[in-house]
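Have a look at these structures, which come just after this line.
Two complexes, one shared chain (subunit A), two partners (subunit B, subunit C).
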Partner chain A sequence: MDNFSPKSWNQKSKPHFFCPGCGHAIALKQLGYAIDDLAIQQKTTIGIDIGCSLLVWDFFNIDTVQTHHGRTTPVMVGYKIAKPQRIALAYTGDGGAYAIGLQSLVHAAFRNNPVTVIVVNNENYAMTGGQLSPTTETGIKTTTSPSGKDLKFGPGFKGPELLHQIANEKSFIARGSISNPVQLKNLLIKAIKNQTDNNSFSFIEILSICPTNWKTDAEQSFERLKEMEKYYPIGEIK
Partner chain B sequence: MPDKKIFITGNEAAVLGAIDAGAEVMFGYPITPATEILQGWVAKAEENKKLQYLQTEDEIAAGFGVLGVLLGGKKAFTASAGPGHILLQDPLSMAENLRLPFVGIMMQRGGPSTGTVNFSQQEVNLAAFGGNGDGLRIVYSASSVGELYELVIQAFNTAWQYRWPTIVLGDGYLGKTRSTVLLKKPRQLIPAYPILEEKTEPTHLRNCYSSEESFGEVLKKNIADWHKDKPAIVRSESLQTEEAETLIVAHGLVASAAKEAITGLNAKKNKIGLFRPITLNPLDSDALKKAAQKVKKIFIIESALNQLARIIKYELAGSEIEFIEIAKPAEGFTPEEIITRIKQNG
Partner chain C sequence: MKSKTAKIILAGEGGQGVQTIAKILSTTAADEGFEVSYIPSFGVEQRGSPSIAFLTISQGAICYPRFDKADLAVILQERAIFNVARYIVPETTVIFDSSTVSFDAVRAKRKFGIPATKLASENLALKSLNVLMVGALSRLLDLPAEKTWQTIVSVLSKKFKTEEIKERNHQIFLLGKDFELKEGNFTEATFVPQHGPIKTGGEGKEAIIAPDHCKSCGICIIKCPFGALSFGKKLGLLSSPIPEVDFKKCTACDTCSRFCPDGAIKIKKIIK
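Up next is the complex of A and B:
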């Protein structure tokens, strides 16, 4: 094991299978550090969605179940009912969270189910080859918006802001970015602690990059991420 | 507690069955004619704090919520019907893939779509073969209130013993009929256990594979297990089949009507028997073949088109037997009608 990998990572599944330059790996490193800092590796269970998220099925040395598209939230809501002492994390992409799984996400927040939902937002359906997602911003080209996303498909979808409207006041809702890993780790820690200490819902959206489908190099990817951060404000949603 | 006689509806019997099977959690969404199972469970949970429930945003969440509970090691179930049963195919398929002991009580209603609200036998295909897999799910069909209670307990036992998703089929008439039943308390319960085991060496469960070969190996093992488990799972009832030359095949409430009908048909003298599958999937093939040994003609009677018939004819493929299908999708049968139809085709 190198000196930089989180201790909670499963070294047998490394190097990982994400595309070169994928933002998931950066997000998962901070999640790993957050789990290490809180010393909760033995108390945590992770549910993951399909899409690129499914590559997390054996990413950590932690009990993990890879579920079905958009269904990670209800699975972890059920798990937490059976196992209230465990820490339940649901890891998903923007499609799973805000399109096919939105109904369950909204209701989990509304009911204040004590689970932590982590959404990696890279503005596209990446595993299927870069289609339009609810979070794709106006004008962005994808394989299903070849001339740029028209406003008739909606502007970029602001999930944390939506959830904030209906979530219990004890919930914790925030947006981080892989451009600021330290802040991201701290937000993840706060989110997990909100589950354990307040027995309440928590939610983190992580702005991320997708060089493969964005067709960007490293520099261009982070330039676009900067633009995303202008539209999607970083920090706790209060 | 000793066995006791009580006057209850089918839906009440289903709730009592789930409780006596050791279920601790129900996730559900109201739908006629299964709503009373959710209501009944919630009423029991008000008295018994060990029982938990969640009325979810839809049946998909109910089904996946149940899967989450199972992963944590508690017995859980849902109850639904028709369009809700369709939405439950999504979690049922995941349960089939991951071999999770999902239990669903499906009170059939008329379809397709919203259809009618009380009765049909049109959810046999859905229960057994409704997923995007090969139908490795156990499906029971109850034909009386007492049997519904017993099969719900059996469903939890089978699901946790053999790790197949398991469905108990009833219908709205059965669910809402009140009758005096003797509740036979289960002699043995298969205990639940955490499927995500919380060991130092973690469990990693996946529902998606990257190569055909690796998934093929998983499916091959599942299919081998299915065949191995089948003899212990299958259940059926054969009535007056030893000398039968004519056989009626029916399940659920239609089989109850058929049972009454064969008395009216002076069945022994006329050599008419009844085969009633209690498991529709897997089918008790050996018992069916035995019952059909001397049979020249089989009447397959169902409140659906070709759903039971396909299962039966597949088992008896290549035989010389004449099949007569009497299908009334989403409508019931009286014993008198069955007698008339059999005499007409006699």
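Up next is the complex of A and C:
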């Protein structure tokens, strides 16, 4: 099975448990390639959140920490303080990062803690059946907004822009998308390097798809992702 | 219904329609005046993991919805046997999909095969498997056919977008209802997923596709810039078709491999 997938993937846990066509797996593939390219498999630890992101616990041949919901970032901040030689990645979903875990994330960015936070944004709470999340755009139908998201619940939440306002100037904040995997991989490499070389905070939001809860096929999913990219601009936020 | 109580366990994979079958049967039985309990059981994953339904239909009151011994076990996927084996006792009647489950894999005294996947995909589409199974089970449980069909229409009304789809589903339902369940040898499981890497080649290129990993999401097909990929006849992990490569169009650009969420496809140039 060589050359099929990143070397850092744990082949014993494959086929993985993500749904067919899940954007998480595409994002994790690029993360795997980034880890392969930097040759940091032996010195990385990934903290994982509750939600679909918890399926990462045996995805890589890398140590993982299962944390409480939304507390991935502070746990990895503490881990990094205890073991400064290790590389700490926090892998969460949009609910864990922007809803329940926002204050932890904001303060980690504010203090410029040297961790890399990776947020996969698929615009809903996917594991529990596709409920409304802060990042859902106005007018999008979910199971808890059957007539489309009302503006009184706020428009789509722009996390990287928010963090950019308070984060240290050394920090690296960007948004990638699974529709452009090569760019995404390069952003991930930059983010991890910002942690190791600059000893600073780095944050990446990855726009992703959820065919199961969006009730779309492959083509419609990527069409909707294109619409998302218009609202959430891709690239480094400066 | 002939017996006083029927304890039914339905097992399959997420996405096959196990919970839909259970919902239709329980709704119909409840409308007919039976006492019904239905407990779905599935994992955190929404698709591709074992999906089990515990269904009790009784003429009297049901004291407790769980049971240890099933009267009827319905197995729609070979991987699901592991999950229901402990509920199967010598008295249990087992109905299995003989086009995906091999006869020898089912350990029971009374077992009947119905080539559901084959019949459904030949007559309409693989998705209509659940309608076919409802037809077969409604006859077995002595539920009135017309009432059952009405329940199917009300439960699946969103899926029946046109009258034609509805009519063809009715045909599938009747096909399942009229299927004679006979004791016999159903060793030929024709719709089994492939195993091991499939290597194909041509025009100086070589493609390796892993059916053990492919979940038929179709991302490689829509992302191919040259339209070289399409669904073929071979089946992958979830008993759904896996892609085939047209080597005349393919340029071995590696886009499919870059996108594939499961790491199931790789196309490379043969360097001489």
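Rule of thumb we're sticking to: the second predicted complex is superposed on the first by the 237 of 238 C-alpha atoms of A that agree within 3 Å, B and C clash if a C-alpha of one lies under 4 Å from a C-alpha of the other, contacts with A are read in each partner's own complex, and residues count from 1 in each chain.
Keep this in mind: a contact is a pair of C-beta atoms (placed from the backbone, for glycine too) under 8 Å apart; a residue touches a chain by one contact, two chains touch by 3 or more.
Computed from a predicted structure; not experimentally measured.
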Here subunit A is shared; do subunit B and subunit C fit on it together or clash?
fit
Treating the CA centre of subunit A as the corner point, state the angle out to subunit B and subunit C, nearest 10°.
100
Just to be sure I read the superposition right, which of the two partners does A:Tyr79 touch: subunit B = first, subunit C = second, or both, or neither?
first
Thinking of the overlay built on chain A, is A:Lys226 touched by subunit B (first), by subunit C (second), by both, or by neither?
neither
State whether A:Pro211 touches subunit B only (first), subunit C only (second), both chains, or neither.
second
Check the residue A:Arg71 against both partner chains and state whether it touches subunit B (first), subunit C (second), both, or neither.
first
One more residue to check, A:Lys7. First (subunit B), second (subunit C), both or neither?
neither
Minimum C-alpha separation between subunit B and subunit C after superposing on chain A, in Å
6
Once the two structures are superposed, pull the subunit A residues common to the subunit B and subunit C interfaces.
none
Would you tell me which residues of subunit C are touching subunit A in their complex?
43-49, 197, 208, 210, 212-213, 215-219, 221-223, 237-238, 257-266, 268
In the complex with subunit A, residue positions of subunit B that touch it:
24-25, 27, 52, 54, 56-58, 60-61, 64-74, 76, 90-91, 93-94, 98, 194, 196-198, 200, 202-208
In their shared complex, subunit B is touched by residues of subunit A numbered 10, 42, 45, 47, 50, 54, 57-58, 60-68, 71, 74-83, 86, 103-104, 106-107
Name, in rising order, each residue of subunit A that touches subunit C in their complex.
1, 3-5, 9, 14-26, 29, 55, 127, 129, 181-182, 211-213, 217-219, 222
